[in-house]
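Next come two complexes built around chain A: one with chain B, the other with chain C.
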Partner chain A sequence: MNSRAPVSWSAAWSAAGLLAAIVLPWYALQEGLDSGAWFGGLWSSEDYASALAQVVEHGKWWLAPVLAALMACLAAALVPATRQRRGTLLLIASTTGLLLFVVQALGIGLRGWTAGWLTTMFGELDTRQVGLGAGGAVVLVALLSLLSIGLALRGNFGGDAFVAGAVTTVAASIVLFTAWPILRILVQAFQDGDGLLAPALLVERLATEKIWSLRCLSGGGRCGVAWNTLFLALGCGAGTTALGLAFALIVTRTSFGFKKTLRVLTVLPIVTPPFVIGLALILVFGRSGLVNQFLEWSMGIEPTRWIYGFQGVFLAQLFAFTPVAFLVLIGVVEGVSPTLEEASQTLRADRWATFATVSLPLMRPGLANAFLVGFIESIADFGNPIVLGGDYGVLSTEIYFAVVGAQLDYGRAASLALLLLVFALGAFFLQRRIVGTGSYATISGKGDSGLPTPLPDAARRAAAWVALPWAAFTLILYGFAFVGGFVKVWGRDYTPTLDHYAKAFAVERTADGLIWTGAAWNSFWTTLKLAAIAAPLTAALGLIAAWLLVRQRFTGRGTLEFATMLSFAVPGTVIGVAYVFAFNVPPIEITGTAMIIVLCFIFRNMPVGVRAGMAAMSQIDRSLDEASLTLRGRAPQTLVYVVLPLLRPAIVGALVYGFVRAVTTVSAVVFLVTAEYELATTYIILRVINGDYGLAIAYSCALIVLMLAVILLIQFAVGDRRLGRRAIALRGGRA
Partner chain B sequence: MSVEFQGVVKRYGEATAVAGISFTVEAGTLVTLLGPSGCGKTTTLRMIAGLELPSEGRIAIAGRDVTTLGATQRDVSMVFQSYALFPHMNVLENVCYGLRRSGQSRNDAARHAREGLLQVGLECYEERQPSELSGGQQQRVAVARALVLKPSVLLFDEPLSNLDARLRRQMREEIRELQQRLGLTVVYVTHDQQEAMAVSDRIIVMNAGRIEQQGSPRDLYERPATPFLARFMGESNPARGVLRRLDPATVRVRLGACEIDVANATAGDGEATVAIRPEAIAVERPADAPPNKGAANNLAGTIAKASYLGTHMEYSIDTAAGVLFATCPHVDRPLTAGDPVALRLAPRGVIVVEG
Partner chain C sequence: MRLATIVLGALVLASPASAQGVVNVYCSVQVEWCTLAANEFQKASGIKVSMSQKGSGETIAQLKAEAQNPKGDVWFGGTGDPHLQAAEEGLTEAYKSPRLADLHPWAVKQNTDSGGKTVGIYAGALGFGFNTELLAKKNVKAPACWADLLKPEFKAEIQMANPNSSGTAYVAIATLVQLMGEEEAFKYLKKMHANINAYTRSGTAPMKAVARGETMVSISFVHDGVTEALAGFPVKTATPCEGTGYEIGSMSLIKGARNLPNAKKFYDWALTPDAQKLGAQAKQFQVPSNKATPLPPEAPKFSDMKLIDYDQAKYGKSAERKRLIARWDSEVGTLPKP
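Our next item is the complex of A and B:
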């Protein structure tokens, strides 16, 4: 049948790699590949030369072994051999090629050898390497593909080259774009300004008053940013979990009438850039906010700046992230099987006892999870602290000022990022310890009959008293944020106006056609374009990773799952800084390009796609895949004809999420934007920092409306088709 | 030879699911893998399918070494326990699926699929969704879907376990009839020994990752090689007896006061484990028992428990050789607990189990 297919594929990949090494420029081009100018200089120009020309003409002898390895792969693909043997040969040749590739790429940089000991060992190099270009990229991909085929031929990954290729792709991209940048932070944190290793410097950078002072506790003075971050995160984690639980209980366990409205709350944080709440708080509590103005008018109290500081950031984060906790906990509360609660009641437990001894313990892993999410959202938050923090510095803003501000101290930024990473991973591991493996997944998949037990009255009242005013206030805040864009100057002149929108989104009609004169258009279009590129890639990579993790068994599966879980916990600020460090020097030199922003979008948002995909996929019976396999459907066909059609809702979810998060994210990309590639959120933040609230609010509202429109549009376009099976089962169940 | 296993081992990390098994399946026969849950029978089936690859050993299908080939590359197809009908495709699309993936045109695939549906008697159900079919119909679609590919080997993984008792008998007869009519090679997994005996040409009994014994249903029932087999293939009472060889074909088994001559060519003299089939124990009131020559084949006992099952009675009887479980076709004059009884053992239901 198609047992010969991997053999011809391996020949094709070897040939593709060799071809790229001959006809594509090995190094990155200043002006990009599409200009076409490189074609003439493919042999003669050192900048444009292909790998072969670099070796023969320009003295880059270290590329020769990589090409030799590719030749060896081609030979292995063509010589007569058994499946097993050919696999082994391919494996050896491609692994050797990859090693040589990586060694030369890391060993030789912009200034010759990248490390002193290499220079002493091999002598000065009179030439240098810039970032990898098209030729290098294709050769790398070819070598990875050959490695996968080799593994598949040897019977790994169920003997399936597609699965092997998918695993290699996902693993390699996670290594390149998540693990490697984070590793660079480590290296950077231990380096001094000249790139020499200086572990003492890390201690010196981190052991300062500014980071660890505890003076605020004893009264007088300020605490260090590390403590600030930690206090804020603990408060935010605890607060959002409690509020989220209250909301979840009200929605699932009471006959409260406005459940739909509450559910809307869960959409808001997804479509809102995280600092919008901060902005709204300024409108209400700021110096010229409503409250201060009312107090001044009624009692003559001097307006204060009390909202700026811990309380302001804390409040903003509570408002911003409670819906996220709600989203997590509603699933948890619904996941507690009513049967268990009914069982408890038949065993003489009253409502309280049932709630306290059955329901709550079953929710414990979910509560820990919600806390973790709140904690990590808080330490990763950049928008609210920079808008509302005032003197209250946290790690994310401190890192920003170290990189972007006048200090320009990469070492310090790296050290602080390392600290932030340690906090995040600490919380992550602590949560795993607490929850352990004892996750009580109580959703059986079989439609559990039985009714959820209503909450005890006291608990219901408490939840309602906390949650409902809070929900109302959240909606009011969003309302103010909306209105704020339509008045002249908030706090001084409430004349209705469209000026802010005009300033941001003006379009002039001239003889030459439309001219987008508004100040926001540039960042607006860039954002849309990059998010639209990133979203499908995010969804595809996320779902493929999910498919591998749920459906395939292979060595290293656990590691891969752990890696995706881990990147979930890495704060955006850390990723942003890490990208700056890792990708502004060869071998991958993409700082300042649109590509780095797109990559950042993808690898920031992919873990969520993976989680969602895994959840959706584990609800589809595994035997469906296996049936397809035994019916001659190869793995890619199984994916296309069986898995994906059943996963439609998850795909829509991943697409929407990938797009919307790319548009609303701040913390990671704030380090990566340039004048050429400016994004909506970073543009708004800069306007806020400059005190230009009207424009910032107008722009934010436009974004929120756009995001809602996009969600509705995608929902409409893809449709919400339910599976016959489910619908019928439901009908049957109710009948 | 359609399927050939040579020293196949399957390990999951530390745990060994299949501990080195070798067997062959001849073309045109139905072979059952039978065993208690966790014995490795399903893992073995999945290794034939290529859904699992062996950790050691060699697998050949139709003379071709397929040890490292995945499911797609093997000429097998499988009927799943859950049927695994694709819920987003109708019946015809489900049956066409494998044909289309094997490269047939839409029309050819539809034609062959219709033939397949005809074979299982579902020709008017083409447009139905799987969720609109009964369990038995879903089962037939799954069979048709696997059948139309004309595989070298057709695999069944506990295909009847989701059906009710009446349908189960009907479906197993249909499967057997289809297999014999089309001359299919089938490997069938079940944990139900009655089902296995009803459908199989040959049965391979597995236990704890190993093959316990293989042979025809009659072989296994009448000549179980191990105590496990005697217990697993039908019911049996284990007892300790003393053997004495009378001639090359017969041994005399002494159980307490009772002596019985049993056909056996291999057992040596001395103590041995003996299995007594419950249907081989005739339970009679002492008064009704025919005067026995020397009362050699006669065991006295007392009824401990009695249950009425419609077609027969089940008794637990206290005897000198331990508690014996017996079935008795005479439901008209049932015995009750405490009644003294005389037991007679039929020689063909007394099996000497080596070891």
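Our next item is the complex of A and C:
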């Protein structure tokens, strides 16, 4: 890329923005762009008119300054000027344009001015505006691109327009689709029922015994939901990290024979739609479950309800989130360089000392990340506490019921959500403290062909003793769930039947071809389509964000890192309601569309991509990037040819996670689905609520098979990372 | 360019514009019932129904969030309290259906209580569900009265929902308050606490727990028990001998509905016997509000029960509700586990 390139790019973006302002409808169309009806009314119809026509013909004068700013950008791109000067001009013009854009979009809504003081200041407005359409979107993107080019020309971001553009894209999208909706709902924590500001209410809402009581420790009574949530999250974070590490070590560092099986097994819980594990656990450990029945029959032990409460939720969360920890850790464990371990052994350290003082510390970022993910997954988890919690309340269920239950108190929900965010924040900063500023880079360009040291026996045995029974246990649970789809009434009538599958997935052959008559097809195809759109976008955005956070130095990096984690920490229900609040009214009016579901998927699941990418990237030595830069590779080339191939495990992780979570999410999309865009999980939940477990399980099994197929496909398409190392010596594990 | 215009024009013509238009229904009854209602109304009127099924709590949350720009037209079904609350908060529109005269008095009263903003479409009585196998195994007699629930043989065998999250549990508390007076009712609830094994978050969970043998007795709506029994579980129900309260499943027109005329057509249709028969077809056994609707044989009959004169207007008010729930919370909900 030569030094003129940013200049021509800036001209191109200005032109694109202006073109869109002339030939695309500025506002969203009721029937969507693809109907084509807008084409004839681009000038004359107020609904279909482009920005230019809106200004000239329809009295939307407030759009004119935005267009003027775009024109100023074009001028700045074309006049002869020094690099520095051009950058400054572009920066000024595009920032002004963006500000004007935001002000008009927020200031004028469906009923004219959006705030009372605007009306008193400017008088009644006799016109209004609906949500932004294609024209508005292109102009917004153009202005953002021009801003980043301007910054790069002035020498920010190392003068690299690509880096500047990436930062702007990530930041702007997070602001729009995470920060803005969450802020909108959190503001309610400070408002009373009529929407008036009352900060004291927050204290009143939070300082109650229901939240902070510690009576469960002293014996009598229950603990507050805040403590419940914390205990559970700490346990879950520690438990999943330990289990995940055990699995990762077994898969990478031993000669264990069924690694492939183990890998699939660890992935199983993650591809399981929610409620299935909970139901299977009840069937095995519930009062009428197998274990209790057997104990009563064999030893006359009175069946108990121990599964309902902390124990049950904890167990279910371990099942559900260990795979996530495994996915985060596997890349890290694989990445620890054997060279250092060999060096340690050359210095006469035994295998245990090597493991404890070299390998384990090198895994620290991975362990901290896994813990953080486990912790946050646990506090945001909704499905397991609702099925198994009994009266063990946690914040996420408490928030859900504050919104949808008998109280209907958004203020309380928002206050609790705020508390949840504080917990997530705490974990986040703690994780930063633990990882600290040390270097964990072990994949460098230098010769790196040592043998990975086999695990010391004690560690190997411990890992095996933890991981293998767990794996067996998982198999049993899944066996149950699987059988449940083939019997008449799960838990009652075990007559084998195929009815449930027929009801869900029937296909009839008629003269006109196949007719998909099954009850599940509609939601099945919608889910598949939306998840397939969301997954690559989720992974791409997540990994770009990770790359920026690890590899680039810029102001506001810490803020960006925190912002990427934001949507992860807030429970799905809150996100769902926040999305409806924020995107049901202009400027972005997308409720009831498929787009809002896809956006929700992307911004909810991106954080794991970011964490996995960051963990993997902090292991890759910066010297590799520098080598690429020395060879005149610019940032994009370095990213594509050097960093990405080394990140394959992280890419697989992010893609898989993006897809799987899109297929299995419930709470976040409950408010977003419509009859037209119904999702598999919401359909399954309805069956569960209705007591139709057979169909729910049959459908869940079908989804599991689908997701496993997709995972294999992704693994196959992305491939493995090839580190220049010799294959692990098989005898090592047994030695 | 010209070709593009022609293609686009053809596309426009090709998209079938439904002559009768559409109606967006938020549906808070079981999904089979929702689908049946949508299909049958579509057949009867030619109006396309866009149906979205959500619980009544979720629906009112959505109505609130969408208040500035409503996306739904009618809210069909779900327990009456959220409908009354929506009426109180001005989220729904008053409408006097010509069918009002055909309805049971309780359904009409729901309409007058809310200033015309909601109407009863079905009613279901509160009662007990119990697992017959567990009762037989422990050799315990099935509960028939509220007083029975205090007996020691039910220690840690009863489930009811938490009124903080469940409308069902609130109906139970309001029933007891109306039956015994507030002080006595809370004394009763405190005594019963010793026999409760969990206050579940959802109102239907206790009945499901009874069906799966996870608890012996539940405090639930009795028609939910019929559904479980038909699914093959050993569940039976009873309504308390002292008298019991009931919910009125309701329907409201959403304020600012985009398809108001169609919404009214749906509303009128939903009050006809033809529409109300669909509940039983979908295996839901509440009592329909149109007097002419035949009652399915499996349905618990109001004539066999002792119903109290449940004051929906008083106990449906948010303030009263908040007060009673707060009292339950501080006096019963926080008691140590027995």
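Brief remarks on what is shown
Following the convention adopted for this analysis, the second predicted complex is superposed on the first by the 442 of 735 C-alpha atoms of A that agree within 3 Å, B and C clash if a C-alpha of one lies under 4 Å from a C-alpha of the other, contacts with A are read in each partner's own complex, and residues count from 1 in each chain.
Note that a contact is a pair of C-beta atoms (placed from the backbone, for glycine too) under 8 Å apart; a residue touches a chain by one contact, two chains touch by 3 or more.
Only a predicted model underlies this, so the values are computations on that prediction, with no experimental measurement involved.
Here chain B and chain C are compared by how many residues of chain A each touches, and C touches more. Judged by the touch definition given at the top, the superposed model places A:180 against neither chain B nor chain C.
Of the two partner chains, neither chain B nor chain C is touched by A:306.
In the overlay built on the shared chain, the residue A:624 is in contact with chain B alone; chain C does not reach it. Of the two partner chains placed by the overlay, neither chain B nor chain C lies in contact with A:521. Contact with chain C, but none with chain B, is seen for A:39 once the two complexes are overlaid on the shared chain. Residues common to the contacts of chain A with chain B and with chain C across the two structures: none.
By the touch rule above, chain C contacts chain A in their complex via residues 5, 7-9, 11-12, 15, 30-32, 50-55, 57-58, 60-62, 64-66, 68-69, 71, 81-82, 85, 162-167, 169-170, 197-202, 204, 208, 211-215, 227-228, 231-233, 321-322, 325, 329, 334-337. Residues of chain A touching chain C in their complex: 34-37, 39, 110, 209-210, 213, 215, 220-222, 282, 286-288, 305, 308, 386, 389-391, 393, 397, 401, 403-408, 410, 488-489, 491-493, 577, 580-581, 584-585, 589, 591-592, 670-671, 673-676, 686-687, 689-692.
Contact residues of chain B toward chain A in the complex are 49-51, 53, 67-73, 75-78, 80-82, 84-88, 97-98, 101-102, 129-132, 145-146, 149, 155.
Against chain B, in their complex, chain A makes its touches with residues 1-3, 83-84, 153-155, 158-160, 621, 623-624, 626-635, 637, 641-642, 645-646, 723-725, 728-729.
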